[in-house]
């Protein structure tokens, strides 16, 4: 049984007058925050505020670049070129790095958001384009967070680039038969549904799939989407489960 | 009579399939390029390409952040807050810095674009918000380029912040009675009109204003807008004028 | 004492995954809905859904065009041209009209949103540009809703164009000494604050201003901003007040 | 041998300060213009100006809705939903209809732009979503323009909906072995290349494919992309070819 896990969330996804989820409540409860960078979500003011909250709550800062598609929240496939993928990442992480550095923080991990993630895991050249972009974060970048399964060219590429891969479990998402998360446009799942997933996984190391089978999921981080309206309750309940099972909660990078 | 001037242009203002002006032709002819950062113009791929051209033609790289208004090309006033102004600059220069650093280049100067410039010169607190943002560029930032006249809170603030102010003359724009440039939505002026301005200015140090007077303009840099369709011809002709008058052409930062 | 008032709200201001306020709850409680048209807020899917809700709850449909500024929610001043103003309105109301017509509904009233409203009331030529655009809605357009005070070129122009002007009171906003509403970036006010305003206004016809005076406000419609998080509670409480005072609630166009 | 063909172009693809191609020169030479509607290209002012030019040059007006992707010019695949597809079309054609009606013009034909076209031909339900949207144009809509080959669910659906299908030939694009046009991000082809295609097609009814075969192409309209920088020269040359062969040039809807 796992002795330590971290809790991570996508954060900084508000935009202008649009507040997504209940960000500060979530940030009090997690170890690692992946910050949107103004393409699929977020804007410069939101980024500044979210970096400030990362500092206040002592969170590990992750970069979370996405497709340039606010209307689709970066969750619909776009047929971009390799050159675009690389440039989009350099642009977004550069912007975030500047906010982080002003606050005395470093970007220590990263992941691609939504359908951009789905796009970049598929082929080696795509994984390389995105990794090339992420590596411009510089020496502070230690890791990349990725769904635990399936192992993709992105997992391989990240390791080859010297990054630690932190495998994630998503208690609020549906798993396909290979252990992959099914990307949808919105995610909502009841607190109990999600704590059940975590309880089972802590005990057995496994999750159920949508086809009725179960699969071993060697994760180190629990990812709860910050745009779920019940994210604070979900994370609070998951923390209870972990405490009861004597699992330590903390960043795996710490 | 001035012994040396530099020639500068706004660059990187294309967007997706939209090519603005004739960028590479211009870049062969200038000393300093101010790169749009994706808000009023430019996109990540354009920024990458423009940084590459700066390297190829050995140009001084300037940051050129603007309003988030592609439809208005950043040339119409927006009533943004101080917090927004600062965050918009941090975001944009951070993105550009990341592209520049990958190419081994540094951002050495900066200026606000169009109506964002007009907005930020007006009040001390606005000048401060923009300067705060520009200073996140870091130690590489030596200067800020500004219209020679009138002297504004932004000129004062930049000097106080330890930056060199490089005063500019705009041969293609109209000057008001105080020597200020009149911001319009598009700029076009004939080659001869622009060389006449420069010839007179080289000889007398003065420019004509729209009210029929002339005014002393202590500029060190000639700015030709890169979105003028005849920019390469204008700059070529201006270079001829300068040569004839034995004025050296080169970055004043060099 | 007024015998009948209507309750109106700005609606359809969600965007993609961003839900603003609690739209359907509000729509059950109001008479007239002003629908965002995709510039300052709203997107095509949201517009379709909001038109469907207007039909379901039998609401008067109003068009609510705004500045092309999602990041600022259309609440910051933009220095657009007259040609742009007119074209922006034609575009937005044309899009809305198409959704409405498919649902068998008509756009019967309209108003400009936020800072676009502030912009267009100031000068006769601006009022004309916006009205020209609104009149493309066609014969179904009977009225324009406007803050009761001050009387502006837009009020005058609307009347001259044959439109009925429906004067509004905003219980959640601050009034300046001339009875004008102070436009802010976000609005929030307690339920009690807002019912107090309405109670006083029903009894006396007056509202308090920010300078401590009170002013006669000859309104026919109560406008509660749909982006206030407590809008359903506010409107419910206001309805109670109106009922207690025997004021009929219903569209003044009906 | 064909006795009559029409010449059509995508128009209204400029955006703000970005002028794409040489629109007015092209509009003097064609019969039918497909107007961008502000999603993949175009803005309200451009739409107004382009409608005015359609009137001036007596062109058949077509609607040309696209993906909401200005950065990719609507030429990269996006995984939108059926609900989005339908709403995006209703929104865009509604906006265009309003401009057209003010000028006393009618939208008589339509087609989906770029990758949106590629998306919607693939499956019956997608073709239906887009057609549902296009049919909101109303009774003025007589036809839909489509690449001549291959015959897709969109061709079938359009006919079933009572629309005439006008098959097109694209002299500047590459044809795959089934006669389908290969969608790229930008198109450029020499004048001679394009007139050669038309000469052969006029004589034989066939075009060459990228795999070296030739294929019968039963087109009635010649489509030259308005964003090609040499579009006026290409169309002028094609008109010469047609004249020499005694082929009448005019809208097939007239």
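Labels A, B, C and D are assigned to the chains in the order they are written; within every chain, residues are numbered from 1.
Keep in mind that, in the parts below, a residue touches a chain if its C-beta (ideal position, glycine included) is under 8 Å from a C-beta of that chain, and two chains touch if they have at least 3 such contacts.
Because the structure is a prediction, the values reported are computed rather than measured.
Visitor: Hey, how far apart are subunit A and subunit D in touch steps, shortest way?
Guide: The fewest touching-chain steps linking subunit A to subunit D number 1.
Visitor: Suppose each chain is reduced to the average of its Cα coordinates; what separation in Å results between subunit A and subunit C?
Guide: The separation of the two C-alpha centroids amounts to 40 Å.
Visitor: Where in subunit A do residues touch two or more of the other chains?
Guide: 43, 71-72, 84, 185
Visitor: Using the definition of touching given at the top, classify the network of chains in this structure as line, ring, star, complete or other.
Guide: The chain contacts form a complete graph, every chain touching every other.
Visitor: Name, in rising order, each residue of subunit B that touches subunit D in their complex.
Guide: 15-18, 20, 43, 70-73, 75, 185-186, 227
Visitor: Where on subunit C does subunit B make contact in their complex?
Guide: 68-69, 71-72, 76-81, 115, 185
Visitor: In their complex, what parts of subunit A are in touch with subunit B?
Guide: 38, 43-45, 47-48, 83-84, 86-88, 90-99, 101-102, 136
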